[in-house]
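Order as written gives the chain letters A, B and C; numbering starts at 1 within each chain.
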């Protein structure tokens, strides 16, 4: 709505259902993206470090999400959720990623200041194959708070509560060598209901999170502008996601890579100086092939406390006033996802 | 003049007109340089992000300038100006850059503590083609403040006030696709005299600016040594230049790349914690080909205030004591340059 | 000994002599690793910046050491020393590095809280050739401080005090061009006993040292976890080593690359905010071929003081109470190594 050349941007009123955006800027992913990802996260998942040139699924996610920011979420007040996220085609070094975003739902909030925008996002490679697709919904500011609502009825897409295990896209993995992962646990060793506390705490430095967001050309101003944020730029929510995923390597070393996200919530904000820790609950198990299987996992990233088996940790708590369940103020990310993992007897 | 092995360095007295330096260290530019540049600046100019392997002109600039520091400007007190800067040959991933610097002018200052060194710098690729050339002049310390001036007459080169539009080197650009830039403005949409305020503020973190300077092997001590600088290392002037250029993408999305610099002034220093904003004045317009044109732009990078159309911002102010015009203390960079940009009707 | 999945880790009691570890995670080294190294250190050694694709020996060192951390030194209290370190095969862009670690000695400390683990480490390329090998010994915590010592007799390997010059592995260097190094000193110009003070101080920022450690997938918690370390994460000892080596370029510009480490001591810890300076003592000289020679050098990296020829600097001091010699509290690294260097008359 703002039409000066240097500050063109979309507010809630600018979207309509069916609208499709060709997102800037197409980006080639290279060896350098693999190394930059390791530098920022310390991730050690073997398939994304060796000479095969496979690009980490979370690099693809950050690239695609970053490409949508300029048009979709520059005026987002909150990133509310994800659904039906699937990595469909592996990305290799040299592939060029281009993203489209389609508006699939709109719902004005009762406060008349914001609305919820539902977006179906697809990242494509240079052959036009979809490499990643997902729904997300974000709360976006209206341009004029007092504007008459133009939407008489909300349009909300029907979204699956989870991706079925048989919808996971499994590509013939490279010959898997458990001797070089450092891990002794395979699919068969995990039990539904088990909670895994991962070693490692990671301090978030200002430069780490800003350079991570710039790397994926995410231009949301709140991540960078200390004037706008009273000296506390908000950490891009994808940063604790990748830090958490890197931390979960200790205990899930024989993983093949994240294949789908069923649901995700950025529960509380992260700021410079926070220290992140992660634990994982095993939700579901699914056999896929003689060599391969999938674990449905719930990854919880927390800040400034190291959860351990010794002390109970409540992911959600009942608010003493409202009696509503809400996230523990230490939780920053609650991610429900499918992880591919090697089986003990690999065919 | 200091001749201990580990601290050999040039002072004003060490230069003479006609002297030519082969600058260390030749450097290959790779995909990793493209990614590192994005990581530090967030630049989204499409041509330098896609699979074509073109290297951003400002990467070439920082590489070439960095190579001259060890011999030319290690004892610089100030980087005074640039002139006649032209990118002459595109640089691709895999090219190796080597720099020569020729002393073309010398002028001792009346305080007898410093002098001005005029340098013609050329960056060359592995075929010996000039990829970038420019004049700059720097104020360099003398080794002995009380030394008798050895220069009876200053030698100052004649420099053009600007690069003529017909001297811009235009290479057949890749097929330009405005659908993926996110921009709706073309050459025809800009008016001389127009001021564009660009979205985005960028906070400068200590690690960001130091790793940027190290990346280009700029070894000027003031950028890194907190003891030497009373805890406030000076940010390399190329960093706000690249941050500003990245910020100007919002509003000039259909640009092809910077082609020449007419003049540049580092008006005030930048330190860790400063937040940078940018606006652009349109100075001149020039048609080049049916598909392509050039805008002469004045990019102003400021710190710790977000200029907007709502409030007048004076780039320069009259000092109340001296009555001389001087830069607003918020201005850090004043850059007069030629930008290539797509035409609406591209042939 | 801790057997929850996410915190499996080795303590002193977990090691036995003869045990061999296949270390996670094999890693391909690319152009991006060359650039990331330059970004973190500012290193300007010509051979590792040009188009030949050679990987800096210290990148290889950090990669190999980082790979051993998960199994060997996660519970290290101190990294005590190195011996017989030799780079045996040059590493090129595209090589994949895999590391094995063999326990060659064990010695419980008299306090019964820790023990010393001696490890022979070898980094191999994809052909199985050893690219780097070294001994190191680390002080590792016991799982139970009060446990009965299970080692009746310490086993300590016999280690050479230095690598003999004729054991240095010299590969035909690329045609050496002293015109592009910026250096005027060759092998013949250095004298045994000479001390070289190198220009440059480098401030250590939190993000710099953490991203350097993550880059090499070094997962020791003390480098990252501000809760564990009372807000002062310990800088990975390899960071001042690489900063120091980059600083020694001023004065040793015609070097070919580090070829062996005779001994190394991390004398005092480094924390965020420290400023590092380096000086070098020339210990020994050895001719190798008509074009090439070796200097045995002692590199001393210090913090928060800039040593100079003007003031004497004692590397070690006698403690006034114990009368024992110990490191000056400013010294962070004492490295005795062999550097290959060009001869003035290169055959």
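Assume a contact is a pair of C-beta atoms (placed from the backbone, for glycine too) under 8 Å apart; a residue touches a chain by one contact, two chains touch by 3 or more.
The shown structure was predicted, so the numbers you read here are calculated from the model rather than taken from an experiment.
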Chain B onto chain C, rotation angle from CA fit, given as a multiple of 5 degrees: 120
Interface residue overlap between copies chain A and chain C, same or different (over half shared): different
Approximate Å spacing (C-alpha centroids) for the pair chain A, chain C: 37
Overlap residues in chain A, where contacts from two or more other chains coincide: 30-32, 35-36, 205-207, 211
Chain C contact footprint on chain A (complex, rising order): 30-32, 34-36, 38-42, 44-46, 49-51, 179-185, 189-190, 194, 196-203, 205-208, 211, 248, 250-253, 273, 275, 279-280, 304, 306, 309
Chain B residues within the chain C interface of the complex: 4-9, 22-28, 30-33, 35-36, 70-71, 74, 94, 96, 98, 126, 205-207, 210-211, 213-215, 217, 219, 221, 224-228, 233
